[in-house]
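Got some structures for you, see below.
Next, two complexes with chain A in common: one pairs it with chain B, the other with chain C.
Take a look at the complex of A and B:
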């Protein structure tokens, strides 16, 4: 048999690893044919809407639903009293706490769910919400976590007297947990003895992931067959199924959870929200499908904030700048309920990655979680669990230490990086970094931007400013980050007791195409495109002939979902491993067809060839056909495989970012002149998709660093509940980014990939912030808190006397 | 509430719908006419996910009553191209990775279509300011801008070829 097609052409035909394959999702999205939660409409479907608390802290004296129920078109109004007989008025949170589904006696934050109205359409539901009469008695409001720890006001009366929480002892009635990692005494001793110590307190403000599509669900209880179908904006559909089963008592096989197309998640769609529970209960009560979709204000006020960490650091070094110790304390404002989405053993997520990319021999971290009258949440907004906080902390501490040492911050980083030969590297706070080559990445980045030239230009600008020739300063923002993603090894990572493995199941069809199903769910990352590429390279079937399906728990294998950049490190690994099982069986079939021993054939791109006789081969298509249609002694028919992958370690992507920013001292207006991003995410599956992820992550970083926040007044009123006040950058504010990369594969991942979606956010926030702070460094600024909106920058300039 | 009959042309077809005066255009399009391409993202005219084209102008249909569209000529994403003949912008967004989750995309493309009608040969700056009413949370806009500029070039080239 003569092969007209060259090997290179066969490789290209697969569109496998490394190919900038165009996305298969885009045909439907560009034609308006996506299928998002609010597009789902079932016969007889009713609409649910919430009565929400206008107060941040109040006792509920009474709820009168009579007027609402009397309105034509209203089917039901649920309150905590209706949910109590079902034990659904409270629900467990992902962090070991519990949360009110509907206000039980009191409300603890503005926007809290008080009653759930079910009506014929969304307009009647909104009318009925207005007709529910709730009598409140206001209680003292606590929005400051430090004051909360001293206040006599008890927020969580349900926990009164409980001195032990889900994560150890509670020190005060508004205290949730203390989490400690590292050696406190040794760290204090090192810091006390050090040549130089830099200290700083920084507030990483509260913000919100704010995906363009808000959260929602459609529950449909089929009472004839006893089956519940729940559609929703779920980043972890299988977890939702298990939780729904545990809460409702409906056996898990009778629950089907479907995540349709999801309009962005960024962590917002990991948690389980009262709206989901209420739509289920309402469907059970009414016997017809019930839809609940929150509006933007409800989204920003009630579903899943991010950050809100007060971080105090001490970093010590020798005179030469070699870091000797790091001490970090965090006061973490968790709001009214501890609903953080972190693996069980990590109540502050992976905050203990806060030693960053540096070889810091001794370190200590303590985090105190605190209740306040704010919305619950604490999700990982486009990052692995609390990694943005950790990286911001260390990248600011490095800058402050550089000021203390009177040293260039690029050089200070360089002399403290973990060296290539130190990997796998054991960090002082307990992580084993898998691989890295930080010096190479850093040098490449600094060279690409002509760092020395930038510093010279900046010095000239400062001189010109002092001479009164310009009112515009120039900041050079640096950051070097190490992410920790791919949660995670089942031995230390679980959520509600469920181990954080992931899965892939593959079926090869007789004519040589395939379908693969995974336990993850894309929210824009392009899994249908990229996972097919992993598989194409593993099994030799073109990516265009492989369908990827996710999000339907009736068909997909169990998995823990998509967040914390875990899809590629965990489900991507499962995909490769399942592919290898397919290949192993294909090898036996090929050997039989070619009449040689199994060991005498080898895989080559899209076929098995007889070793030493490349003209004798069987393509994967031929093998697939034979697998189903030919009796092969000793081999079962069919060609399928499933893999559940428990990762041996996390993966540690890293990167080097540089931002050049001009700042108008008199208006606080900023202009991002240049942003260079070098990312190392190990093996690159689809460079086009990677770059797209980086552009997006950097833009969300720009938002957080430069203006986006969830702000409260002293009464607990949310001041930023619409897009009028909550900053989402438009095309006008966003620069063009320069992307670059190095490739340091993960040694333990089957294809060496590390995950990338969140890296640019993690590294981007400190980079933008450092650019602002760097501009004012020559005038004596040590640190100013984000977000760096024009007003705050103006204030910083003013406090330095630059307006005098 | 008294309902009224609203007659409008949507994607070339005359439609008559019955709606209350308070019903928003976006819900009438999505729920009464089945045009689920335009989405609801903010209800305050900021995000542009609901953008449709009305009588030659880009309009945020989440803050317009359906009754105000009496007699109007409306184009939604569904009317821009067909599966067999995609609009140049739809092709270009696919080609340049101008979308990720896809939620903003219908509004984004519908707005870009009007932008290029208003200004067939825009600069990058024109595109960035002209698209500033449409928010995308995923892409960082770089590839959206690229998609629109590329579509403009292609449309201009085919116009020239036709002349």
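Take a look at the complex of A and C:
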């Protein structure tokens, strides 16, 4: 057979690793043909809606459902009393706490679920919600975590007298846990003896992931065959199945969980919400499918928030700027229930990555979790567990230390970076960074933006400002971040006891195409595109001939889901490893077909060739056909493989970002003139998808840094429950992003990839914030809290006397 | 975000619309672009048993310019205001302001009539219409009447319009002189933190007429006669503008909201008014 196709063409034909393959998902999304939770409609389906608390803290004296039940079309109104016989009026949280499904005697935050109305259509359900009469007795509201720790007001009466929580002793009735990492005494000693110490307290405000699609579920209990099917907006469908089985007593094989297309998750869709439980119970009670889909206000008010960390730091250094120690204390506002979505052993997630990208020999972190009258949550909003908080903390502390040292913050970073030859690097707070080359990335970034030129321009601007020639200041925001993504390993990371591995199962069809199923679930990341590319390079079948399927627990292998940038590090690794099993069998088949020994053939792009005789080969297509249709001695028919991958370590992507911002001192209006983002995520699977991820993550970073917040008044009312006040950037507010990269593969990942979806958010928030703060540094500003909306920037300028 | 049940009416002419209004009184509301009313209904903050959609009434649409007068039908969309070249020539401030209202999708639906009639202090057109000394035509069972924009607004969502009247058209004189609409907002789609419409006419370097009106700085639009009085007769130099800004600030009464506290809003208002006057003067 004459081979007229060149090797390069064969490589290109695979659309494997490194190819900017167009996203295969987009054909349906751009044509409105996606299948989201609200698109699911089952015969006879009923609709649920919640009665929610208008108060942040109140006792429920009575609930009268008579008028609601009398409305034509209303099937049921569930309250905690109805769920209690099933032990479903409370549910366990992912953080070892428990949470009310429906208000059990009291409400603890505004928007809390009080009763669940089930009706023939969505409109009747909403009408019936109005007819449920709830009598409340208001209780004192606590929204400040520091006051909560001094208050006589007991929020969680159910925990009264319990001095031991899921993560150790509780110091007060509104205290949840104290989590300590590192050596406090040694750190204090280093700081006490240091040449220079910088201290700062910063509030990383409460915000919300706000995916475009809110949360929802459709539960369908088939009483004839005893099977429950649950469709929902789940970032971890397999975990949901296990939890649903444990809670309901329905055997796990009788539960099928399906995540359809998901319109963004960003951590908001990791946890289990009362709506899911209520739709299941309602379906069991009514015998027909029940849908619950929340609206935007419900999403912002009641489903999982992010951040809300009060962080106090001390950082010490020598006169020359070499950092010697870091002390961090966090008061973490968890709201009414501790529903953080962190691996069990990490009640503050990976906050202990707060030594950042720097070689800090001694460090200590303590986190106190506190209950307040706010919505529960504390999820990782487009970041690995609490890494955004950690990176914001260290990147602000570096800037404050630079002020204290009167040093350029770029240079201060450079002299403290972990050096290339120090990897794998053991951090003072317990992590092993897998690989990095920070100096190269930093130098490339600073050169790309002409950092020295920017500083000179900034100095001229300050001089002009002082001469009264301009009212606009210029800020140069820097950040260098190291992410920690890809949880497991199973030995340290589990959720509710379930080890954080992931999986891939591959089936090659006789004609040489394939389907691969994974334990993860895309929410916009483009898994169907990129996992097929990993596989294409591993098994020599074109990505276009590989279907990727996720999200149906009846067909996909068990996995822990998609969040914390774990899909590529864990499921991507499983995909490569399963692919290699396919290849190993293919090699034996090829050798048989070519009538040589197994060791005498080698893989070459899309085929096995006889070593030294490349004209003698069998393509993967030919091998697949033979696998099914030819009796091969000693080899069972078929070509399938499965891999469950427990990663040996997490991966540590990093990046160098620079933001240039002009700030109108009189109005607080900002103009982001330039944003440069260099990311190193190891091996790059699809540069175009990476670029999209960077743009998306930076845009969410812009949102959080510059205006997005969940704010409460003193009565616990949510002030930002609509998109009028909750900042979701549009094309208008988003600057032009310049992206760049270096490539430092992960040494332990099968293809060297690290995960990238969340890096830009982690690195972006401090970069935007540092730009604002940097603009005012020449006038004496040390720190001002985010979000940097117009009035807060104006206030910072005002407090510096710049309006006099 | 699910409204209560309502009856939907879609009359083909004014007589039909007025008949439904007369029949249902307080229980009926007219619907223009829907950007204020529909969210209020979805939030169940507005209970509207009878909704009268005006979109089929041809008489409420269109822009006419004749005899030095501009007349705009209430159902003319902001997009149409922006796209109309004759209007742009006759009153360029309309396009300048309209482009600062929300985003194109909103402007395809949002109407000038709905914007001025609702009495929402956040809307941009009421202040602009006060600046231009526009006249609003109200039509009810008892016929038509005309109310000056400067007398129309009583309090937030409270106007001179009776429940059984429909605001049908807006008219004002072809613009002379310089103009500017300045607006600060947090993001696309937001109401103004502060906004200001200014029109200035000069002869031989001296201001002969000035009109300063502001948006979202009180519970109604604010037309500042004091600021106008300061500017007329001056050359509009730095000191004159400073004095006019000071006068205008005396007339506002902003409240604290998520955009910021009162002190911030007053400060920003001063900057926005100053910039609007400067830009209008530079074009006069």
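The rule is short, and it goes like this: the second predicted complex is superposed on the first by the 804 of 804 C-alpha atoms of A that agree within 3 Å, B and C clash if a C-alpha of one lies under 4 Å from a C-alpha of the other, contacts with A are read in each partner's own complex, and residues count from 1 in each chain.
Rule of thumb we're sticking to: a contact is a pair of C-beta atoms (placed from the backbone, for glycine too) under 8 Å apart; a residue touches a chain by one contact, two chains touch by 3 or more.
Just so we're clear, the structure is a prediction, and the values are computed from it rather than from any experiment.
In the superposition on chain A, A:261 contacts chain B only, with no contact to chain C. When the two complexes are overlaid, the chain among chain B and chain C that reaches more residues of chain A is B. In the superposition on chain A, A:732 makes contact with both chain B and chain C. Looking at the shared chain after the overlay, A:688 reaches chain B, while chain C stays out of its contact range. Legend: residue contacts after superposition of the two complexes on their common chain; A:335 is shown touching neither chain B nor chain C.
Look at A:165: by the touch rule set out above, it reaches neither chain B nor chain C.
When the shared chain is aligned, chain B and chain C each come close enough to touch A:122. In the superposition on chain A, A:30 contacts chain B only, with no contact to chain C.
Once the two complexes are laid over each other on the shared chain, residue contacts for A:296 go to chain B and to chain C alike. Look at A:724: by the touch rule set out above, it reaches both chain B and chain C. Put simply, chain A uses residues 122-123, 295-297, 723-724, 730, 732 to touch chain B in one complex and chain C in the other.
Contacts from chain A toward chain C in the complex involve residues 49, 122-123, 125-127, 130, 295-297, 666-669, 707, 711, 719-720, 723-725, 727, 729-730, 732-733, 789-791, 794-795, 798, 803. Residues of chain A that touch chain B in their complex: 22-23, 25-34, 36, 38-39, 41, 122-123, 210-214, 261-264, 266, 295-297, 523-526, 688-689, 691-693, 695-700, 722-724, 728, 730-732, 734, 736-737.
Residues 1-2, 4-5, 44, 103, 184, 186-191, 193, 258-261, 264, 267-268, 271-272 of chain C are the ones that touch chain A when the two sit in their complex. The touching residues of chain B, counted against chain A in their complex, run 20, 22-23, 27, 30-31, 35-44, 46-47, 49, 76-78, 81, 83, 86, 90, 93-95, 97, 99-106, 109, 127-129, 131-145.
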